[in-house]
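Okay, so subunit A shows up in both of these, paired with subunit B first and subunit C after.
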Partner chain A sequence: MTVAVEIERVIKRFDEVEALVGISARIESGRLTGLVGPDGAGKTTLMRMLAALMHPSEGSIRVAGCDITREAAAVHKLTGYMPQRFGLYEDLSVMENLQLYAGLRGVDKSSRAETLEKMLRFTGLGPFTKRLAGALSGGMKQKLGLACALMARPQVLLLDEPGVGVDPVSRQDLWAMVQELTSEGMAVIWSTSYLDEAERCEDVLLLDAGQLKFAGQPADLTRRLQGRSFLVGNIDGDRRSFLTEALDLDLVRDGVIQGACVRLVLAKGADRTPLETLVRRHHASLDSVAPRFEDAFIDLLGGGPGGRSPLAERMDAIVSDRSTMVECHDLSKKFGDFTATDKVNFAVQKGEILGLLGPNGAGKSTTFKMLCGLLKPSAGRAEVLGLDLRHSPSAAKLQLGYMAQKFSLYGLLSVRQNLVFFSGIYGLSGKQRRERVKEMIKVFELKPYLDVSPDTLPLGFKQRLALACSLMHRPPVLFLDEPTSGVDPITRREFWTHITGLVGKGMTVMVSTHFMEEAEYCDRVALINRGQLIALDTPDRLKASVASADLPEPTMEQAFIRLIEDQNQQAELEGQAA
Partner chain B sequence: MFERLVATIIKELVVFWRDPKSRTMILVMPIVQVFIFAFAATLEVKNVDVALLDHDQGRWSHEFVARVGSASFVKELVAVKNLTELGDMIVARDVLLGIHILPEFSRNVSAGSGAAVQILIDGRRANAGQITFAYLNAIAAELGAEVSMRSTAGSVLPQARVRHWFNPNLEFIWFIVPSLAATLGMMMPLMMTSLSIARERELGTYDQMLVSPLAPVEIIAGKIIPALLAGIFISTIIALLAVYGFSVPYAGNPLWFFASMVVFVLSVAGIGLTISSFCYTQQQAILGTFFCIVPILLISGFVTPVDNMPDWLQVVAEGSPLKHFLIIVQGSFLKSMSAAQIWRNTWPMILIGVVTLSTATIVVRQNMH
Partner chain C sequence: MTRFIALVKKETLQLMRDPSALIITFVLPPILLFLFAFAVSLDVRNVPIGVVLEGDGPQAQSLAGAYAGTPFLKVTPARHRKEVEQHVVSGTLKGFVVIPADFDERLLNPDSGAAIQIITDGSSPNTANFVAGYAQGVFNNWLAGRNGSGRARGPVIDLQQRFWFNPELESRRVLVPGAIAIVMTLIGTLLTALVVAREWERGTMEALMSTPASMLEIILSKLLPYFLLGITAVIGCVFLAHKVFGLPLRGSPLTLLLVSCVFLVPALGQGLLISTLSKNQFIASQIALMSAYLPALLLSGFIFEIDSMPPIIQTITRVIPARYYVSSLQTVFLAGDIWPVLIPNMLAMLAVGALFFAITFANSRKRLD
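On to the complex of A and B.
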């Protein structure tokens, strides 16, 4: 096994701030290495240095035998780099993008046609050569980006968070592609904040606050947690309040909702009596389960955040006579000849979390947008608290809060001005407005940041601010559009603590997501494919529905992929029959 | 409803103010432009060298040459011996133009049978040449008038002179500075509005506005009013600067002038917002704005008189709010334009505003379909 990358005592400073603090590591050829860590850990900094786009302040890095400081040009030739937002030209077609990168990478004229042909076959983009890159789905964009990065026939391939915004089906394709590359002897470095991805890597480098916390095979890290992961099932009462209580216990290091169960990680060698008491009180079962990489990751970083949401505790319980909060009847949307959403029906009950899942471009976002009033349906209707979004948009919109994936905050306004603005457009005024703003500042501990731009906030605070802005008018219904896409597990747990707390107060939540762990938090999951609602059930029942002899305990992701593939096959058969 | 609108207006103004680029644009650009236009980019022609070939050497040719020689725009009058020499001087850029007086000039003048002077202009310097030619024409016309007066009235020599009304000395600054109140008052709200929706779309904050209870009309109003304030601010400052800084006489009714200014800025903001409602990135919005600004400026009469344009273009010019407002500006500053005349140029701007603002509102609403 040859060494592809050698990192020797690397320190990187940005004006006094140390982004990387003395890192040494080796990355081998022919293996897939995951670069894992929470937001701000230094992943992107290290990636950019490996691509010779940045020099270390101290120490040295050798990539494929070349020093990145002195032989940057050679490193550029030997590496392929796919940044988070790969530089695809959105106004050029798939083929034009490929040709452009082939030209930039100096691919021989004689072998160019052959190389392009190979790339199209490899990525499965063959049928879409004429489509504009801007019109591709998230997953196809990443495949095209990968193809462009591979033009140089690199020895080292650097992928910076390639899985963000990509649905499980496309992500599975990406994995297969990368595995093919490593088997040919390429070193692939895949940076991610998704720990299920990290778990599938052959090696991982785990960064936290600029330090290398772990290097080696993920299983080695996971093994340390043996006997500390538990699944609590058959909970009598609300599993969310059980989780809150469990997280209050000192011995519980981490906890998440997993369908109808709660998954807990306990401290090393702790006395389990308090937990056993709690479990007994809820007439629940406590079973030891195999640890996951994520358990080990959170444990290594000092445990997850607490289970109490100061926000939810300040909120009054939502009083409403209605039991159905969000409803859609035969909801349809056509763009020209293309039916994006086809007669979708469902209803969301008060205090329920409903997850909307589906592959990229399958109609999930269109459906979600119609439900919160961003798009007008072509047929059918969407109602929030019985108010039709078409006939009384302002009244209906006053009942909903909305938080987008990109945290749509105004970077040119200060944190305080953002709060004041959003309270204003929801019609708050006078004393009430001042009090709500003050309350949010207090609950989310925003005081030290009041006069700075949200752009400069740490990710966790940005998320808090976005949530604060969407909740000041006390909406009974909250819409979350891929709320934790690209967010590290710790920030994500903190976010869900707030959401589960709010649901405890009677709030209704609709969440669209690509992220299977988020789906586990939902009471019910609606799966959308080819514009149709193909499944609507609890996460556990969805998983059970695809269980078979060779897959007795499918994960949410496996269930997702299976259900989608089944429908695709069926649709193709019907197409052939017609 | 009122709270919501106020919140968006304040947001828009703060966003504009906290962006260093737009702050520079609103503070520095008008001042720089006023000074560039007022002092550097003059339309006047001064210090011209003229070659003279006088084959007549008679009484009237001497008279004409004397008047040209004493004219303020002429620096030096160089006598040449023949046409070749004259041509060489033009080629070498020693002179801007040459005057060639034919042998029968004085005789024809005295006979009243119409005399002509040949003027050869360096076509490479077409603009300055044209203006100087106009000056020379004026001198010739003056002379001609005197001659005809004398021949009809006998011995008396009445003084007939061309008089430019309202701007007797053709002071360039009197024309240009008030016009800047219109052109700069147009640029600012046009840029502000055309970028506004596109910027929010690009950054993703637009969706956040759409899911709020804000109605499309409120979104539009929230974008228009800040631009309106900025445009009126700039226009007023420049108008005041013209009166108090450059001592341009102001003869019109300030109230009517101000009212028409509000309408003008509103119609311009409407154009900007229409552009913005179609654009999904700021880059598209900037391109769209330039695509509109240049023709609007060119057909407005700021650069070339509308009367000189072909008929079809004059019809198109009616669609430019700048054309109408420039008439009001120049009318209000140098002559006392009546309320009726101001109204005649205001209602087309109202029409433009109504059309553009409705288009923008419809497109914003359509975007949700």
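On to the complex of A and C.
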């Protein structure tokens, strides 16, 4: 094994803030190394330094044998770097992007055609060479970005969060491509805040708040958790309230919902009696399971958040004599010739969490936007509390809270002004408005941040603020559009604690997501592909539906990929027949 | 070289797909030239005034006839001041001339006071000056034309005016070259500032920087297509100005092209400088409009004469490249290839451009921190 990257006691300061605090590490060639950590851990800063785009304040970094400060030009020659948004020109076609990077990397005329051909084959982008990069789906953009970075025929390949906003099918493709590269001897560094991705890396560097918390094989970290991970099944009653109670126990370090079960991580060497009592009270079963990388990650970072949501505790129970809160009948949306949503039918019951899953470009967002009144259906009906979104959109919208992707907060308003603004647009005024704003500030502990811009808030607080804004008018139905995309596991747990609490109060939640883990929190999952609803069931039953001899216990992600591929194959067969 | 060619190719493709760039180059110039050639006019013709003829003396009648006969004034005759005062207040008349009842007597006796009274609408001073001057002029001409009857009140020295370069005193001849300068400023400065800021905004600059391409290559590859675009626009503008709007072109077209190439140096330099200061398209466009477009409009001497500005403003105009460009364009269009005027202008533009480029290169590093 040769060393591809050497990092020696690197400190990086931006003004007063230390983004990296004395990091030393080695990365080997021919291996896939994950750079893992929560948001703001310093991953991107380190990536940019490896690409010789930033200099360390102290310490040194050698990439492929060259010092990044003194030999930046050589580093640029030997590395391929794919920045977070892939570095593509959206107004250029696939081929034009490839040609540009081939030119920049000095691929000469004689071998250029061959190189481009190879890249197109490798990425499967062959049929799309004329398409503008801006018109590609997230997964295809990412493949093109990778191909552009590979034009360097680099010794070290740097991929900065390539998995964000990309569906599992595309992620699986990318993964296979990267493994092929490492087997050729390339060092691939993949930064991610997704722990399932991290777990599959050969080595990981785990960063938190600018410090290196762990370096080595993920299995080594996971092994430390041996005997501390448990699955609670057959819970008598609500699994969500069980989780809340379990998280309140001192010995429980972390807990998540997994379909009908609850997965718990216990503190090292703790006395299990209180948990066993709780389990008995719910007539549930307690089984030891193999630890996951995520368990170890959360444990290393000091455990997950508690189970109580101060927000939900302040909320009054939602009283409604309706049982069906959201409903759609033959809901369709066409953009020109393209059918984005094709006759979708389902109903969401009171107090239910319904997840909307699907690959990029499958029509998931379109369906979602029609349900919350942001898009007009071409045909069919969408109703919230029996109010047709087409005929009485304003009345229907007052019944729902909507939290958009990226939170849609106003960066030029302060935190307090954002709260006041959102309470205003939801029709609150006078004393009630003041009280609600005050309440949200208290519940979400926003007081220290009232006068700053939301842009400067830590991610967790930003998310709290966005949630506070969407709940200001106490809606009975809450829509969450990819609420935790790009968010680290701890922040995500905190978010779900609130959602779980709200559902306990009778709120109905619809969530669109790419996260299989988020899907596990849902009561039912609607899988959308090619504009159609291809499956609608509980997470456990969806998983069971794809179980086979060689895959006895499929994960949510495997189930997702299998169901999507089955439908794609079927559609192709039908296409051939026609 | 392969890298540079790849970058230029990419920039050209993007340019051709960017509707805003194409609109600024091909649609804006005809519109601007048309506006400045026809709609905006600093000339005064057919100014409506009233002529109040209070008496019926033959001399008075004759003078009133002289007013009615001039093409520059449109006369509304009246017998009483009250009739026209209202119209001046409402703005339909720009002023009036009173020919008093005892005009004939006053004319014979010069010491009896002013022969006529001229009232103008001071709320639009340029027109008011024009009306006053012209009404006076008509009177003087009329006096001089009264072959000897009565004592001449006319001036002792006869002034014969001749206007060089723009004998018809048509303002479009001065305005159209100014419009060309505006177009070139928009292409050179605004578009360049936007394209570089766009690369930062979309994260593509980061990807470019991680390749072996040098900062110089990246910057020059951006300039070349916009330079060519600017030249294309100039050729189009000159063609329109000369063939369609009938502007004389007394110098050679090549000189005009040379002057324009030289102007593009500071214009592009300023655009680049702005984009290194702001990596956000919105702010970059604001800075470009404030620092390039407005000065080109207000301080280049194309609408407002620099010589009549306060000294401090005159000093400020010295660092505005458009000032030298407007002056050069006007020279080439209206006077010819007057090198003693053009060369100092070009040197000044190059100096300002060199300053912009020097600051830009000092601030561009291939680094993100």
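Note that in this section the second predicted complex is superposed on the first by the 578 of 578 C-alpha atoms of A that agree within 3 Å, B and C clash if a C-alpha of one lies under 4 Å from a C-alpha of the other, contacts with A are read in each partner's own complex, and residues count from 1 in each chain.
Here is the rule we go by: a residue touches a chain if its C-beta (ideal position, glycine included) is under 8 Å from a C-beta of that chain, and two chains touch if they have at least 3 such contacts.
Not measured: the values here are computed from a predicted model.
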- Query: Given the superposition on subunit A, are subunit B and subunit C in a clash or a fit?
  - Reply: clash
- Which of subunit B and subunit C A:81 touches, first, second, both or neither: second
- Query: What is the contact status of A:100 with respect to subunit B (first) and subunit C (second): first, second, both, or neither?
  - Reply: second
- Query: Which partner does A:55 contact after superposing on A: first (subunit B), second (subunit C), both, neither?
  - Reply: second
- With the two structures laid over each other on chain A, which partner does A:152 touch: subunit B (first), subunit C (second), both, or neither? second
- Query: subunit C clashes with which stretch of subunit B: 3-11, 57-65 or 273-281?
  - Reply: 57-65
- Message: I'd like to check the shared interface: which positions of subunit A are touched by both subunit B and subunit C across the two complexes?
- Response: none
- Query: Once bound in the complex, which stretches of subunit C touch subunit A?
  - Reply: 2-3, 5-7, 9-10, 13-14, 17-18, 202-204, 206-213, 366-369
- Interfacial residue positions of subunit A with respect to subunit C in the complex: 14, 48, 51-55, 72-73, 76-77, 79-92, 96, 99-106, 108, 148, 152
- Residue numbers on subunit B that touch subunit A, as the complex places them: 1, 3-4, 6-8, 10-11, 14-15, 18-19, 203-215, 368-369
- Touching subunit B in the complex: which residues of subunit A? 372-376, 393-395, 397-398, 400, 402, 404, 406, 408-413, 417, 420-429, 433, 479
